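Shown below is the structure under consideration.
Chain nomenclature is as follows: A, B, C and D, assigned in order of appearance, with residue numbering initiated at 1 for each chain independently.
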């Protein structure tokens, strides 16, 4: 029997679909990535014309959010010059620590994965990521 | 104005859906990746319980198929010891040259992207990739 | 049938030639790189005696400009400590976010590639990149 | 005064132009890279529609030829299973050891750089590389 690592493909695709819908609603072009509890890619979508450089960033945001089980922006607040986690971005093959990545939890509150979004302002990226995460029950 | 690079998200998702359906039909667990004409990731799906190591392999197969506009297995036939392309796999950050990656063409025959599938035997991987590519009109 | 990905070699070489001419005119030694719409290298020139370290930087500037369809310096303004995109440079295998990279558009305004220049001050790098991009009709 | 490292840009561009002309003559689509005596990229051209995966391979062939001052195919004969240099391709960030890379020498016979060509059969790649190298006096 195959072993699951948190989020299912069905849940991940629901998150991508909800994030995509939100991106359209706020008139942005996004890259949307969902990883499982092992920080492995489960689902991804690049909207037509979205920034090519954000393909990688969205995946790094999703992994960063799961690596530390917190929104990526929370880490960015600690990684500034003089901060306690200065330049943590050098680890794990490259982290992205500005907003746009959030953990995904199940009904019991356990982290089962994370979603990362990139393609607009960090405020928009975060809003779209939240919309995606909220679609997972 | 956003610029497109070959395949659209709608086409890429149609390829993923068709490949997924084929994978279920032949009772396999697959990772399915679609890249655009610039070899950038457009859509991805990891079936529950599919090999984690195949997440990367499926993407490398898709890129390899687009890099050379041919099925990945055709390259593998030439990269064997004593063959003309021995160890070509060391280029481009790592190629995968066994079957499972195929170019995706539009109605005019132009290559607009590629699909890479990994998770079972190379015969099954190739069959699922073909099913995905065939879904793009 | 070969598929094009934006800019042609003829256009890219015209951009390199114009940039080279500008570099000579302002008495600088430059590295000049042009990528296509998929961020793949199309043409490159290293002027005799130009900084060796700028060979890579010019290519990263070109890719960065295409990845986000804006001049590289615009990103650098946002990636400073405390800025919204702090340390974005860790993505995509390394970005360069100071001036010297600009998108290349066709007559319709669509982005078909980008040029990156490195070898002098960032003001000079940007001026030479602009001269190169302007040569593409 | 800037320091030269072997081949000049003028010589490198002459090699690229001659190789390009040869590629057209034999009806192939090539990627052509020239490196200096320090194995740094000096000039590059990607012909429209040439394999995207060969952008990297042509550069690796050029560097490999200069790293060891011999045609790349000569190294490939030694890197086979059981051979004295088995899997040497793992060094230097990836070597390419099949034909298509050749050193470039000046009138005195000193190696001043190398050219790497990729996009067709290894025989064609090598023929185009030879045509490019022969254009440097």
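Everything that follows uses one rule, which is that contacts are C-beta pairs under 8 Å (C-beta built on N, C-alpha and C of every residue); 3 or more make two chains touch, one makes a residue touch a chain.
Note that the structure is a prediction, hence the values are computed from the model and not measured.
Visitor: Tell me whether chain B and chain D, two copies of the same sequence, contact each other through the same residue numbers or different ones, using over half shared as the line for same.
Guide: The interface of chain B with chain D is built from mostly unshared positions.
Visitor: Could you tell me the distance, in whole angstrom, between the mean C-alpha positions of chain B and chain D?
Guide: Distance between chain centres, rounded to whole Å: 29 Å.
Visitor: Can you check how far apart chain B and chain C are, centre to centre, with Cα atoms defining each centre and the answer in Å?
Guide: Distance between chain centres, rounded to whole Å: 30 Å.
Visitor: Return the distance between the CA-based centres of chain A and chain D, expressed in whole Å.
Guide: 42
Visitor: Among the residues of chain C, which ones contact at least 2 other chains?
Guide: Those would be 1, 3, 5, 36, 38-40, 69.
Visitor: In graph terms, with chains as vertices and touches as edges, which category applies: line, ring, star, complete, or other?
Guide: Other.
Visitor: Let me know each pair of chains that touch one another.
Guide: Going through each pair of chains, those in contact are A-B, A-C, B-C, B-D, C-D.
Visitor: Where on chain A is chain B touching in the complex?
Guide: Those residues of chain A that touch chain B are 1-5, 8-9, 12-13, 29, 36, 38, 40-50, 52, 55.
Visitor: Can you tell me which positions in chain A touch chain C when the two form their complex?
Guide: Going by the criterion above, the answer is residues 51-54, 56-57, 60, 76, 79-81, 87, 89-90, 94-99, 121-122.
Visitor: If we count contacts the way the header does, which residues on chain B are in touch with chain C in the complex?
Guide: Residue list for chain B touching chain C: 1-3, 5-6, 36-40, 69, 108-112.
Visitor: Okay, in this complex, where on chain B does chain D touch?
Guide: 38-39, 63-64, 66-69, 81-82, 84-88, 90-93, 95
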